[in-house]
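In this document, chain identifiers A, B, C and D correspond to the written order of the chains, with residue numbering beginning at 1 in each.
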């Protein structure tokens, strides 16, 4: 049994992580932590997340002694703000813990990126360099060796899982930038009080047009420019990405299908479900660890639809896939049935 | 044209009031006001309430000079917190304005009530005494003479409109307290950021069990004890009250119907729509000024269903009914077609 | 491994049952069946219920040879219409199968009941007599011996679990009938096209006032009259029941708490979670097997709130609890973690 | 007062039309009609659309004598299926009525279009030729002269209003086809029972990829190819279109703004509200006659967001704008305050 600590356990992702660790046959919950001055400190996690009541009633401990937590942990999950992950990860890593970071702090190489898009100067170039991007279906070999895994965000996961097979097979004309329109549930904004998240103010709308941090993350990992437009939808969980791209000359619908099947019908790739020319439906993936992908081709264009649960495949269940890969457990342990 | 000022115009009720005054053939918007230190001060109301854009783009002025506003206003609508209404109303009244207060500050006689349920000692016993309760269908005569109208809240309106005809006709056995279960949309909590109102946290649930301020308001105006249990529902607008009461011995279903019809088929009572033994449906009343009431009798019990839009008949459109009554305009002016 | 067949597997409850059987370490799915002329016959269950894709892709077989299915099954789950269950159950029972019926066909003793409330004359008085009501927390001993378990419906489960401890302890004055107001999600109406279920027509409303079949089911099993008013809410899953009852003279709040704890803090009763004077919240129980119960006492009245997932504790997970009890498995096997 | 008849008055659009005609100072409701064998025949419209209760309780008459209805009508609104409009419009036109058709039967020139996209051979080439496309902000001159106005559908209205100013000003590089992603509320599918519209089945998803009829309608009227991907969203009303297009070389953000302002700040264009670089929000337009348009430019790309109420600006209020234009009434008569 590997001792597993969750830092930032008060949020929606933290609660999902706790449930998965609790369910995992080879992990045990070593502790749940929140920041020292959190108003939720010392509350039971089930007080905040009632669905856990009776199953996980552990307290949210204030994170006062990082070294002691590191000492007691084989695995550390960071469900913390970017800056907090940036500061904490090196401490846990130095103590020998495996670290799975769900923030953006280690996702993109090059510290310029952090100055530009995150507003802070990255102080840990060596760890940024060593970090492995935890897109489970595409980086399994590296994840299996990594001490630090930077788990991708929700939009990048949905977007990349759909586009990578076609890019890898050279099927796209990327001079015309792929257009990614994605709609996220409100939980993507985290567990907090704000006017934007206020029930009566939530309404379908685009935001962060041309300026969202996930655009450069997606571009960097795909190796091609994209236009990414995120939207807020009036639902709690889930992301649907609809992607329009231009095919390279002469690419047939069959070639698209072959690329998808080549990517995702291998052993270990069961978290992606291929829909052929059906379109992905949010409801089918919410509360699951799956990414559903459908595709349609007409003339020179392909339209991809890709759906995930933003809190699961877009965060916690992908982190768990990475833990499973890293430690040699079956890929979907604690994630299905 | 009567000059009409709205104090507390940044909230959901304030926006509805502004739209109604704008539409009213005999009123004109003299000014929209927010508290001096409001973050919304000097914004256009349509910046907060996008549906008004292009129709009402007036600024939300900080209320710095109450006397000047009073001087410029024939009618003042207070969509302010209880304590604020309590302080402001006497100033406007002293200046001769008609005041329609949508807070709880003048709704119930007896200053003990305010100490017990609102946590402040009422300072204006004379105005509290003079205030007329603005339940439009039941107090029209007094409203027509009043300088200060205390417009009822949303739950009391839905509850009283259903129960009063039966109580007035002596049809209930009130030794067994009527049980009022009501579900309100989230807008009832006002326009503000809070965890309770946060999109992902809203869920059907009861709250304020045995302790909600509207229970004594309802009891006081009905003249009988009731059990009132409010609920929060996962929708923006509307209230549905389901009321179970015991009939006095020998009361027939026909007597119930007669009492309802006697109350609400008179001229001037068109804001109440009688459904007979159909049940009220939230969707039919949202965005309207109507209260739909249905009733079913079996043996010694009657079940009433009563639905309103909490922001309209539960607040702003009832205030407008009172203005219409007070000034001799047709009852539903600015409220229908 | 016990071979388990699900009849009526195309509906929402059927899909939940399939997922549970799939997950259960001691059960295996012997077959999924729909009626012979169902339009869904021979489709994969995952075609209808996309969340199962990749996990359970078995076909929905037309039920043509009941005897063969009976022969191949140790356990049969009937998620069928009342009349269909009425006809099929005896066939499976005669073949020696354990039958867990989720319809109303065997829930209430006395065939008059079926003539009056279900519109058909019951033909199987012996099985009706032998059937055990599957309210898992209250009938475990009988369930453990039963060949036919009639699993309670969603409203009766939520209502009875809250009221039974107080009735069993003699704490209620039942001369004043308890008032049960309950709101159900739309999935309670089953998987079918209808105007009532149509997205744009769904709205919070009461229905079946004084006439719903669950009222006599609740009364029969509680042994006391109740007033039960069901409502449709604008959400997919879940039931919240708010119950107002009169306490017997002299009953203290502590006595209510003791009765609740006596009922539900025993081993095997983990599916009920006690909230004390907090109120039950729909969101905490949806997608779980739990029933959350809260209570508040003031003077002579108690208000209970009780929340379940209508498809789980209100149907399929309660059926699974009964299977677990009947076969000596741990109570929440396949239902938690 | 112009006598106005509504054919197909039982649907959501029909109900909105009835409310507008009722409110209009120069129109009067001559009659509401449904097809002869409609199950709704002879019901009051308010029985189906409860919000109209007490305001419009007229019966839905079976349309048996078209000639008599034509005789009694100055204006006919067709809220009927495409084939029905195709057959009925010529009859009303021949009788001299002004006809405003909300179906697709007369929207696109060339009868091949109907064979290909609507599955029927168009029989009225002359009327198809004479019909004026009722995109109110762009065809006012022609509408003012027309006897037959083909009111655009919901998706084409939202899409064209955003794109036309840029195309008219020659600001787009249309070799790269504009990508239109749009999400519609469920009411867009009409008032009917279906599994697709069933509350529990509705989920955010794309549909009709590359094959929706509105794609060629949009292309035909814009005079350029587009890629149009419609989506179903989990809300009742509204459409949000997010459009990504490539700018012609050297086009500045200011040029985009100028084109928008040139198009929509003229007298008579108040139904379009310009948001500058803010994004359109569904909530601001639902239950209004407005189209909100925002735009953002970066490098060679522009992203437009356009929001309407699909039943109003996407159907009935646009029809009313056309009636107003045709008959010389103020443009937003019966549509605002």
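A few points about this structure:
FYI, a contact is a pair of C-beta atoms (placed from the backbone, for glycine too) under 8 Å apart; a residue touches a chain by one contact, two chains touch by 3 or more.
Quick caveat: nothing in here was measured; it's all calculated off a predicted structure.
Its interface matching that of A-B in over half of the contact pairs by residue number, C-D stands out among C-D, B-C or A-C. At the far end from chain B, in terms of centres built from Cα atoms, lies A.
A straight line joining the Cα centres of chain B and chain D is 37 Å long. Centres computed as Cα averages put chain A at a distance of 40 Å from chain D. Rounded to whole angstrom, the centroid-to-centroid distance between chain C and chain D, based on C-alpha atoms, equals 46 Å.
Annotation for chain A: residues 201, 234, 281, 283-284 touch two or more other chains.
Within the complex, the chain B residues that touch chain C are 176-177, 179, 181, 183, 201, 203-207, 209-210, 227, 229, 231, 233-235, 238, 240, 242, 244, 277, 279-284, 296, 298, 301, 303, 305, 307. By the touch criterion stated above, chain C contacts chain A in their complex at residues 19, 22-23, 50-51, 53-55, 270, 273, 281, 283-288, 290, 292, 336-337. Interface residues of chain B, counted against chain A in their complex, comprise 12, 186-187, 191-195, 197-202, 234, 236.
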